[in-house]
Structure formats: structure tokens, C-alpha cells
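Structure first, commentary second.
Naming follows writing order (A, B, C, D and E), and every chain is counted from residue 1.
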């Protein structure tokens, strides 16, 4: 115990010194407390107020995020004794997360079914705001403990969100599947972490000892540990072969929750994966586990599995779920470059994916609200009944497919060029395979994305006699996103230069 | 204009341009302004009249005097320039004059002949357009423009054959004519491209003049060598074959002759102008233009084919009952003579025959037109169901149509080649030259003059048969239905004047003052450069005497058969008869084999397109769906795939797979864990 | 304001106006669209008249020789170690593009006139139509590969909807087939484009660039980059440049279309409404040919040279195969669609020859086919509008019923089958002449290809004449009886207005091919010289 | 063999045996109680690994919290669940369990391999730790140490987990409460 | 002396037992127990290695956090399971399969 004393003041000053760099997270915590207090004070009627506070708070948080850019001009910062690493990419990721969660917080109440939930939505806001803290931690985590904690944090919040509509059978079923699958994979991951800790003797990924020590241990053993950890991270990323839960859960959850699940944890998990692989990939004497090879193979498999499986779907949410798997694979392609260029392409791509996916689900939600349909085959002829929403849907899907002029295309272009420039240097055949698969699956993705405009516009209307339950908010939201996607498609440097 | 020319030459050129363009102007005026007017006939006639006057002036200025060639840049492609220009030499002015002079009476005749037709104006549009194309064809100085007008001639012929486009036969016929002509066109185009490739120019003068590019190129060691290009000699042959295809198609040589008889579906005046006198001669004209290209062996082939065509067509003509068809086959036969003459080197004689043939064949057709017209009158007056062209229905028209009879008689005699007619001069010339040519070339080659001679006899027979059946005896129609009314006559001056004019031109004085010696024809002197020099010997007397004697005998024989109907009866069912009557089955062969083949081929291509290529795409699609199926199957049944490997637990899988059905979270967990461990194991295995 | 920019974006402006106008005045939309296209035609004619010729304006691989150039920085990104990404809004034209642009503008006017037949959902139709208009015009002007690709892809979606929403019975199938086919080509084109971009450096700024003109200069390639000429890189064991060429070629060959990548075309044509068929046949196919000339052989001349035999072979196969298929059709539109395959085969054959004659012939053929196919499809549209049937066997003797219409049909048919006096003749003849010449000039194509190509001309006569005979001649006999007889009125003034200029242009170009050739000669010569000297030997 | 080692093997055996019983047992209640034993045995193992505080936490949280929670949930899910639990197949090695068993065995083989390949006793960092005496002595209590670390080095996780627990609380409460009622 | 390998083997067997449970048992609560076993296996590892990390105390700290997190997860999971029971009247995950392809 005594040997710790000299270090205490050091540690404390470190912790205190970290606080200025931790302002956004502190604000989120405060926001969390505010929302929870509002929830408690105002009871059932508090949903609206909670939402207002949460949204306003997110704006402040975004503002705080922006301020952080000045703090890291001189380079990255380790916080709280190397628990977290704050660097430029992390801030960008946090901004993406906060922006998307702001949109999502707005969006939750616009789903008629979720709104009709008898127990009110205020708890939902509490959970979401709490989860944003987890997401922030996930983005910055560079310590096995903080990684595990952040993942569990986000998972826990996600379980709750999925199962939120407790009176709905689908929702609870999805929750059950999600929680069982999630708990199991987190156990697997924890085991992997324990092995890593055992072999490396430290939890700190960036301490320099970790990679060095692991490099000296038998590669098979280390690989096993890493594979287990990757399985846990993959659970959040939903890549093959840990993607099984995705379609069921996405379909079962309330649509805004699906939007949440398909974007935020995934994006944050990418940041986490980047942090996780960095020490190993950039350790010169690293041998054994070839991250590029494994992640490339996973990426290829994921693209193929996600896109091909989506072709068979007719439920819009399920289709988008599979397509989300495909997009994960594509984003992995950017990741395996392990270059700054690849990283900026990755963030750009993920932001555009997030926006487009939220908009797509919002529009699916819109049709669900208006006509009570979830199957794409029921969209027949609705394009003429809801022209604006349908046009937005088309734009959003174009962006998801990656056709010009849309942000999805520029994202794809950046990813391709990042991968290509690496390929040009090392002629790694896996990168080439990734490129080809990426191109090929783009065509495949059209097979299912095209179903939506096909049904909306090309199929003749079977006169649907039903009143229009307009939900303007969703249309406005998706229109704004659609316009943004087009603008960023034409002028990507408005954005990419900050990535 | 490229270089300074004397004023008179420039004027000549302008005359030539005017002569060519006037019919076109008539066409445009008729097309745009005279849609329904009867005036259109006279506009066209006027145009062709002026053209023929101009052609005559040009003829006097150029014939045996000089050669005028002017050219101007048309366009540039890459770094080669294309010129357009006019080449006036003996050949072109002869053709220019011939075409316009023949066209003039036909125009006049047509104004009367077509006066009741609804498409009167359209007819003259087409006719003027044809004259324009034909006149342009003969004066063009380069191959590509020659080809262009060559095809336009075919096109206008297409229009005219299908003039009555609501008649199914006419439409069939014009399609056939155009497509067969197209075969020739393709050959010609290929040949032109080969020549262009070889010599880098389309200019006829540069290519074919004495000491021109063709003359200075050689064939050595299997290579065709010109100034800067060497190509395998096969391409020289192909060029010749291509040109021959063009010639064969236009001039109806075997095997591309089948369109011509069918082309008689057009108005008879059209047949007279186009399918007897001018257009079909274009092939021979082309041969004249590119003559230096051919080497002796190729010329011999040409001669053989020409001879065969002449013979074949003559045999077919023997048994035909359709008046125009008989004439059509006779045309083919005579064209065969011309080609044969070209082949044996009797360049001038061939052209001479072209000219004489143009006149008398035109005459014959116009007369036939009157006959048919009158029979049609009878038919319409009496509501008979007959074919007005069938000579079986005719007879004894000698008295009813005296002028027509005389005209036909002159034409017929010229066709047979009896003395005092122009036909005698040219035909004897050909026969004599053929004989001389064949001497010393071996026995096989003697067959050529022999067949030519035999063909001549056949000609005498079918002409006699035609004349007798149409004009002698009694009108068969009246014989069959005695009560019919008949009011027919030669018609007005617009019928008569052309006949008279053409009949005069079919007599000897127009060409030579010596009715028996073709050597003295003025026309031949225009082409002395090419004509084979022949020594005047006994054969020059013997052959005409022999041929004419035979012809007279045969005419008598025919008279005995068809007039007396007593002595000899021809077999109507023999093999030869059927062969002849069915036109040697060539057309049927084409229909049954070639056309079928193409259609089947196209159906196959379409089938291939739908089944194989599209099928391949569909297969890819299926593969796509299948792969998608695999992916989802992989999702669901990943266990199966891997566990099947171990046969020990095959039984277990069934139950297990049943338990782990869709939507079961434990199944997912199992899959995930298994995948993780299997991937790991595989990775380790690959690693080491 | 740059004239090209104006040309490209005028239609979008009008499209926006149409979108903003209330649907109550939908009757005026077609006039607005027509006005837009007419304005565009005016611009392009002005450009044509002011286009300077001469070796100093040849274009191709000299940036300073392009005309009406506008070059603005568009996307410029600092990518750290990988240099800067330089994407420009770079438009400009040389001889090859200017003729195609004029053709395009005119065809678009005709298409706008043909749009009169559209009755449903006018706002959407014209908005998409004008968007498509912008894209196709943009493709011909773009000199930045990225810009080119953007316009190229931008065509897909409007076309998908235009075919899919206003098309015939099997429109969904046709639309999807079209979309997938072309997307398949273009996605891989994207990969090659990125590869090129990373291989090429702008000598002035030192950045990677998408500038197509820079891509043609071998000196601009970075040593050791994938597509560098000197370093002979391989992709999956194949020479990288060959792979790049093949991928690009496939993308464009789908557009052209080259057998066996053509099967989308008959379906798309048959199902598309008339204006869209016109744009498809008149313009889109040319984009394929243009791409092959400008991009495939411009950027990969060495591969185009070594692979010319196969290109020529594909061209010959397309000519014959398309012709045979056309012969087998009984749907008039389908027949014309297959005839397009056959006619575009000449373009490929001409390009493959790499001779001045061949390439000029190919460009001329593209221009000529642009007008002629427009005319043909318009004519089919006329009859289809009247009785909603296109089956050749269901008509007979239309010549009697619709004489003026028949005249136009005959003009179009005979022009298409290469009758001298019409533009197609000169084009086809010189494509073939070029193909024939190539053996002696550069030894690329064997003689027999030209000979086989000429057989295609023969076959085209067969199917066109057969159709004429079957449909237009003979006694009147219609499947629909008297109802059809009444419905089949002769063409009206609006249709005449569309057809007459086309017929005249086909004629004028046939008599004065210099109208096109005069503009393209310098560019073609520069291209030929460039491909023969720059990259090999 | 020291007494500690004997104890370790004994407790290890108990842990594994009870865990296997959990796996095999057809009776849900029995398996829950066997789980209880497993947790206790594990706590002893923790103590043997010189982690006294962890052992205590294990007993308090797991046994006192989680296990009770599970029992409650089990009770709440009623008789049907109990009956369903009874109906499970009687044999441990039934065909339907075979794949699961094989999977587990496969993992076991791989893991044993991994453990022996890694040669954990001779890991470099452990040697270093032995060298600098960075090893917990068998007579040391770690409670103070943990306390200090929790407030310094592990301050962030410590604070973060409080938010996490709050979220879990709010969420779990939301899920479990009846519709229309507040806590 | 107890070697690290001993601990690890115990933990490995425990882990595999847990894994067997989660894929074979037909009761959500039992699956949860399986997960807990797996977690405990990991914790055992952490604790065993934590012995050699006196200063940072990482292993034991991690173990503590893991236990707490496990508790939280279990609570949430049980809440969900109870909801499922309300809806489906069963907690056999095999029978809860309305969501599927």
C-alpha cells in the first residue's frame, strides 16, 4: 500500500488535468442527470420536456466537442491514466455520434408506435443520453478495461432500447435475443481480454509494453485471444460471423431504435476497432496475427453475406439491416488501409452512411405510420400518393448504393482511392479482392435497393383507400438529410477536409 | 475547277452538268410542286429533251476529239482528300448520249401510257430520278461516286419496279431486285475499297488510263504490288470478283440474273428504259470503265460466264408464255453476249452491241407495251379474267396494230441479227470475234463460240415464236369467246413517234453504211485502243452466212410449228422442257435454299440471343440469386456445411438442424461460436 | 459565363422551374422543356459555327488546344501522405465532341417534340427528362474523369424512371435490366478511374489529378504506379493496363452496345416511351462510342493498339449478329433496336482500325446514326401512338393509308441501309475503308473483317426492305380492321416538324459530309498520330 | 504438495463438478443451487489467487444479488417454466446435445492448446514482475490498494459505471413496471 | 505453489461448460447462468494473472468491474425475460421465434 503513496498525487493531478479534456462527457453526464431528474419530477407527462432538454443538451455537447479541436492542436492526449485517448479522429467521431444522436432524439417521438407506448418515452431519453456517454467512451477507449466497460455500457443501453416497448411481443423477443447474444459475446470477449491481459501483463494498449510483450508470446495463443476480442467488437459492428442477431433485432425493435442501433454503436465501434488495432499494426516487430488479412477476409465475407442476403428480403427494415451488414464490410475496407487517408475516408463514409440510414429508416417509418406497411411489396404505387417522401427515399437509397451525385458516392470514392493508394504501394492481393468485392456488391446492392423505387413508382397503384396520416416531421427530417446528401455529394470538400 | 481549261471545254463541262442535273431538277419540281398535276410528265420530258440535246452537243465535242476531266475537292477525311469530278471520254459521252436518247422516246411514250394512272406524277418523279442517277453514273470520274450513283440507279429501279406498290408481286419483285443488286453492290464496294487501299485513290482516270496506276502495278510471287502497297494477290482476285458481282447483279448475269424477269412487274415503259436499254447496261459500262483491271485469265472466266448466261437465258425464253418475260430473258441473253464480248477482248464490239441492243430492245418493249395495253383494254371492256401478258391469248394482231407489228418485226429481226438491222452488225461482230479468240486456245474454248452460235439459233426460234403467236394467225381470245368486242389501235402520236424513232435507229444506216460489214461501223473507231485487231478473212463472210442461214431455217421451222400446227409437235413434258419452263429452277433454288438459309440463320441468331446470351445473363442472375440463397443458407445452415464433413455425426445433424430452426437465438450463438473457432482453426492451419 | 457551362446547366434550370410550377399548368410543361432544348440547340449551333479548326485546335492530348474551356477547382483535398486530391470542373471540346454535341442537342429537341405523347405525371417526366438532358450533354463536355463519371452515372437514374414509369408492359424488367447492366459496367469503371487518378500527377501542381488530358500523357504517370506505362505492373497476374482497358471497354461496350453485352438494348428500347427510345438510341449509344474513342484509346492507346484485333472482331460480330437478329424480329421497334446493334458495330470496327478513315467514319457513323435512329424511333412512335401495336405482321399496305408517313419511313430506312446520298453511306463506307486499310497502315485488322462488315450492309437491306414490303406495300390489311383504318391518320404538322429536319440532315450530311468531317479531321489525325507514336515503338 | 495446492485442486474440482452438474441437471432448481456452489467454490479460488476483495465481492454481488435475482425471476416465471424445465430430455449425451458438446469440446481442445503453447509460467512480464517484486504477497491485503486505485487510476471507470448502473436501473425499472404505473 | 496454468485450465473448462450451457439449454435463465459461468471463467483468469500486478492491480480491478457489470446485465436480462414470459408464456428461446427470415 505504501508503494502507492508517492504515486497518488501524480495520479490525482493526472485525473484533474484530464478533466478539461473531458468537458463534453461531463456535460453529457450533467445532461443525463438533468433528464433523469426531469423524468422523475414531471412523471408521465415529462416526455416532451425530456426531449427538449436532451436535444438542447446535445447541441451544447456538440459545441463542446467543437471546442476540443483547439485543445489537441499539439497532438493527442491520454486521459485518466491512459484510460482514454483524445485525438483528432476521436473528436470527429464524437461529433458524428452527437450529431446523429441529436437527430435520433428528435426522431424517436415521431414514430407513432413508439409514441403510443403506454409507459412514456421519458425513460428512453434517459437511456439514450446515458448511452451517448458510453459511445464517447467507446470512441476514446484505449484501455482494455475502458473498452470493455464502454462496450458493456452501450450494449446495456441498446438492450433496453430494443426491449423498450415491453407490451410488444416483437420488441421483447428482439430484446431477449439481443441480450442473450450480447451477453454471450461479451463473455467471450471478456475471456479474450483476460487472456490478453494474461499474456501482456497490462490493460493499457498504448503503453508500448502490450504489443511488445504479446509479440514474444506464442502467436497461436495471442491470436486466439485477439480473435475472441474481435468477436466482441464485431458484435457491435455486426460483421460476419457475429451478425446473426442483426436482422431479427432490427426488425423487432421500434424503427427509431433500429435507426439508433444501425448507426451509433456501429460507428463508435469502428472508432474502437481503430484504437484497438493501432498499437499492433504500427508496432514494427509485430508478427503473428495479421490484422489486415483477417479484417480484409471478414470485410469481404461481410459484404457478400450482407448484400446477398438482403436481396431475398422484402421487409424494409430487415433489408436495411442486411444492407447495414454490407456497409460494415465496406467500411472495414477503409479501415484496413491503416492510413490517415483511410481513416478520414472511413469517418466520412460512416457519417454519410449514418445519415442515409437514419433517413431511410425514418422514411420506412413514415410509410409504416401512414399506411401501416413494412413490406416493400406493399409500397406499390405509393410514390404518387406521397411524392416528396418517395423522392427522398430514392435519393437516400441512391446515396446508400453509392451512385453520383450523392454523398454515398463520394464516400465510396474516398474509400476506394484510400485503398487503392495502399494497394499501389504494397500490392496486397487482399486489398484488390476488397476493391473488387466492393464494386461487385455495389451492383448486388442495387438489386434490393431498387425494389423500393420500383414499387413506389413503377408498379401501378392498386387503389389504396386509406386516410393519409401525415407525419410531416419525418418527411422534413428526411428531406433535410436528402438535400444534405446531395450537397455533400456535389461538394464533399465542405466536409471531408475536416475529417 | 482544278486547272485552267479552254473556254469551250468549260462550257462542255457545264453542259454535262446541266444534262445530268436537269432530270434531277425535274424530279425536285415534280416532287415539291406538281404532286398531282399532269404537267409533271411534260416537265420531265422537257428536261430529258434538253439533256439529250446537250448530250448530243457534248458527244460531238468529245467523241474521238479529246478527253475532258475536271475535279474538285469534295471533302477531306483524315489526310486524304476526296474529289468529285466529271470525266468525259468516248465511253462516257457514248453512254450519256445513249441514255438520254433512249430516255426521250420512253418519256414521250410514258406520257400517254401512264395517263390514266393515279400515280402519274410519282411515276415521272421516279423516272426523272432514274435518268439523273444513270446520267450521273456515266460521267462520274471516281469510283466512290460511281458507286453512289450505281446504287441510286438500283434504288430508282426499286422504286419503279414497285411502282404499283399495292400489288404484292410488284413489291416482292422490287425487294428481290434491290437485294440481289445489293449483293452486287457489296461486291463492288469491296472491290472499290480494295482498290482504294491499294492505290490510295478513287480517281478513275488515274487508275485506269493507259500507263495509269493499274497498268503500272504488277503481280509477282503471289503479291500484288503497286507503288507503295503490297497485298497478297488473292485480293486482286477478290476485287475482280467483287466487280464481277456488281456487273452480274446489274447486268443480270448468272447467277444473279433472277431479279430481272421479276422486275417486269413494273410498268412496261419502265421495263423498256431500265430493264432493257439502260440500267442493265450499266454493268457492261462498268466493265468498260475498269477494263484494265482484269488479267487474261479473269477475262476468260468472264467470257465463259457471259456465254453461259446467254445460252441459259435463251433456252428459258423458248418456253415462256409471258410476253415481257420472253423479252426479259432475251435481254439477259443479249447481256450475256456483251459480257462475253468483253471477256474475249472485243471491247468495242461489246459496247457496240450495247448500243444497238438498247435501241431494238427498247423498241420491242415499247411495242409489247402497246400490245399489252390493248389486250388489257379488251380485258377491261369485256370483264375477262385473263393475263394480258400471256401470248397464248394473242394472235393476229398484225392487222389491228400495224405500226406496232412493223416495229416489233424490225426489233425482232434485229434481235435475231438478220442483215439490214443494227443487230446484225453488232452480233456478227461478236460471233466472229469469239471464233477468232477461241482459235488457238484449245478445244475446250471452242465451246464458247459454239454455244454463242447455238444461242443465236435459239434466239431466232423464240423470237419467231413470239412474233408468230402475237401477230399472226387469229386472235385467240376471240376464238375462245367469240362475242367479245374489240376496239384497239396503235394509239396516238405519243405512241407512234417513239416507235418510229426507235425502229429507225434499229436499222443499219444509223451505225454503218455497209449493212453487212460490222467493221465499218463508226462506233468501233472510238475504241480502237482496246479493240483486238482482227485480220479480215473468210470467216468474216462464212460466219454471218452460216448464222443467218441457220436463223432463217429455224424461223421457217417455227412458222411450221406455230402457224401450220401440222407437221411437228414439240414435247411439252420432257426434262428439257421443264427445265426451260421453270427457268432452270434457279429461282426456286434461291428461295428454297438461300433465302431459307438466311432466315433460318437469323432465327438461330435470335434464338441464340434469347436463349444463350440472355440465358447466360439469366443464369448469372440465377447464380446471383443462388449465391444469395447460399449466403442466407450459410446464415442459417452454416453448421450443416461444416458438420457434414464428419460422417460420424451425420445422424445428429438432422435432429440438431431441426432443433436449431430459424429465429432461434441459441442457434445463432452456436453458429457464431462455431464460426469463430473454425475460422481460428483454419487460420492456424493455413498459417503453418 | 462559359458557353459550355450554359449548355450543360440550362436544362436543369428549366427542370427546376418545372418542378416549382404548380401542376395546374401542366399543359405548359412540354413547351418549357421544348424551349430549354431549343435554347440548347441554339447554344450548340453557335458553338459549332464558332468552332475553330486547324492543327492548332486538334485537342485530344493537348489541353491548350481544347476550345470553350472552363476550368474551376471543385474538390481539392489534402490527403496528407497521399498528396492532394485534385478534382476540377473542367469542360472543353475538341472536334470529336463538337459534332456529337450538336447532334445531341438536335436529338433532344426531337425527343422533346416526341414527348407530346406523354400524358401522365408530366411534372416528373419533364423534370427527369431535363436532368437526363444535362447528364448526356455533360458527358460530351467533361474533360475531368470524375466529372465525366458523375455525368455518366447521373444518366442512369432518370433513365431508369423514364423507362420504368412511362414505359410499356414489361417496363420494370426492362428498366432494371438496363440499370443493372450499365451499373455493372460503371462500378468497375470507378475502380479503374481511381487507379488512374492515383497513377497520374499533374506536372504543374504535382497533385494527383482526374484530368483526362493529363492521363493521356505518359510522362505524367508516376513511376511504379499501377497504370504506369514503364513499370508493367500486374493485377492478378494480368498486365495492369490491359485490365484497366478491358474494364473501361466493358463499361462502354455495354452502352454501345457490343455483342454479347447488348441484351439490355432491345428490351429497354421496346419498353421505353418514344422520347426515351430516341434518347437511348440517338445519344446514349454514342456515349459508349465516344468513351471508347476518348477514354479507352485515349488513355490506354498501347492496349487499344495491341487489342485492336479483338475490338474489330467484336465489331464485326456485332454487325452481323445484330443484322441477323433484326431479320428475325416481328416487333418493329425491336427490329430497329437490333439494327442499332448492327450499325454501332461499324463504329467499333472503325475505331479498332486506328486509321484516320476508320475513326472519322466511326464518328460520322455515330452522328449519322444519332439522327437516323431518332427518326426511326420517332416513326415507330407515330404508329404506336395511333393504334398501340407495333407488330410488323399486323399491318399491311400502310403506304396507301399514310403516304407521307411512308415517304419518311422510306427515307429513314434507305438512309439506314446505307443508300448513297445519305450520311450512313459515307460513314459505313469509310469505316470499312479504314478497316481495310488498317492492315497495310498498321497491321491491326485482317482484311476479311472489312469484307464481313460489308455483308452487314447487305443484311440491313434485307430486313429493312422486308419490313417495307410487309408493312407498307401491298393491299391494305390491318389486324384492327376499320378501327385502325380510322386511327391511322397520316402524320400531322408536329410530327412533320420533327421528321423533316432529320430527313434533311441525313441528306445534307450524305452530300456534304464535310460538315462533320471538317470539324473532326484535325482531332482524328491528332488522335491517330498520338496513339501511334506516343506510347509504343 | 502443499496444503494450498491440495485446497486448490479440491476447490477446482468442486467448481468444475458443480458447473458440470449445472450443465447436466434437468432440474432447474437444482441447477440453480449447483450454480450457487460453483460461485462459492470460485470465491475460494479467488482467495487462493490472493484476491480477497474480489472473493468477497463475488459472494456479495453474485450470490447475494444475481443468484437471488435469478431465483426471483424463476419464481415469477411460474409453474409452466418449471414444468417445461422438467420435460427436458433425460440423457446428458443425447443426440440433440451432441453438437453443443462437440462445440464445447472443440473449444476446450483449442484453449488447452493455447494455454500450453503460451507457456504462461514463463511469460516475460511475469518474470519481470517477480524481478521487481511486483507480486502480491500471500499475507497482503489488497483492500487498501484497491481503494486507492479506485479513486486514482481507475477513477474514470468507477465514475462511468455509476452512470451505467443508473441507466440499467432506469431501464430495468421501466421494463418491469406495469403499464401506467410509476415506481 | 499453484501455477498459472492450473488456474487457466480450470477457467477454460469452466468457460467451455458455460458455452455448452448457452447453446444447449432450453431455458433463458439457464442460458444466463451459462453466461455467468463464462464470465466467471474470465474473471478467474484475470484474478490469477492479477497476482503479478501489484501496483496497478489491473486484474483484480477488472474482475471487480466485470462482476458489477455482470450484475447489471443480468438484471436487465432478467427484466427482459420476465417481459418475454408475459408475452409468450414461455422462456424457451426456441419457442420464441416470430422474428425470422
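Note that contacts are C-beta pairs under 8 Å (C-beta built on N, C-alpha and C of every residue); 3 or more make two chains touch, one makes a residue touch a chain.
Treat the numbers as computed from the prediction; the structure is a model and nothing was measured.
K.L.:
By that same contact rule, can you tell me which chains touch chain B and chain E alike?
P.N.:
Joint contacts, listed by label: A, D.
K.L.:
Looking at A-B and B-D, which pair shares more C-beta contacts?
P.N.:
If we tally the contacting C-beta pairs, A-B comes out ahead.
K.L.:
Farthest chain from chain B, going by the mean of C-alpha atoms per chain?
P.N.:
So the farthest one, by centre of C-alpha atoms, is D.
K.L.:
Closest chain to the protein CA centroid?
P.N.:
Taking the mean of C-alpha atoms per chain, the most central one is C.
K.L.:
Return the distance between the CA-based centres of chain C and chain D, expressed in whole Å.
P.N.:
71
K.L.:
Indicate the whole-number Å distance between the mean C-alpha point of chain A and the mean C-alpha point of chain C.
P.N.:
About 43 Å separates the centre of chain A from that of chain C.
K.L.:
Mind checking the centre-to-centre distance between chain B and chain C? Centres are C-alpha means, answer in whole Å.
P.N.:
From the centre of chain B to the centre of chain C is 36 Å.
K.L.:
What whole-Å value do you get for the distance between chain D and chain E if each is reduced to the mean of its CA atoms?
P.N.:
6
K.L.:
What parts of chain D, by residue number, touch at least two of the other chains?
P.N.:
96, 99-100, 103, 107, 110-111, 115, 120, 125-126, 129, 145, 149, 153-154, 157, 161, 164, 168, 171-172, 175
K.L.:
Considering chain C alone, which of its residues make contact with at least two other chains?
P.N.:
none
K.L.:
For chain A, write out the residues touching at least two other chains, lowest number first.
P.N.:
4, 7, 145, 149, 152, 156, 159-160, 163, 166, 176-177, 180, 184, 188, 195, 198, 201-202, 220, 224, 248, 312, 447
K.L.:
What chain pairs are in touch here?
P.N.:
Contacting pairs: A-B, A-C, A-D, A-E, B-C, B-D, B-E, D-E.
K.L.:
Enumerate the contact residues on chain E facing chain B in the complex.
P.N.:
Residues of chain E touching chain B: 19, 22-24, 31, 93-94, 96-101.
K.L.:
Please output the residues of chain D touching chain A within their complex, sorted ascending.
P.N.:
So the residues of chain D touching chain A come out as 110-111, 113-115, 117-120, 123-126, 128-129, 144-145, 148-149, 152-157, 160-161, 163-164, 166-168, 170-175, 177, 179-180, 182.
K.L.:
Of all residues in chain B, which touch chain C in the complex?
P.N.:
74-80, 144, 147-149, 151-152, 155, 162, 165-168, 170-172, 175, 178-179, 182-183, 185-186, 189-190, 193-194, 196-197, 229, 231, 235, 238, 598-599, 601-606, 609, 613-614, 616-617
K.L.:
What part of chain B is in contact with chain A in the complex they form?
P.N.:
624-625, 627-632, 634-635, 638, 663, 665-666, 668-669, 671-673, 675-676, 679-680, 683-684, 687
K.L.:
Mind listing the chain B positions that touch chain E in their complex?
P.N.:
Per the touch definition, chain B meets chain E at residues 632, 635-636, 659, 661-666, 669-670, 673.
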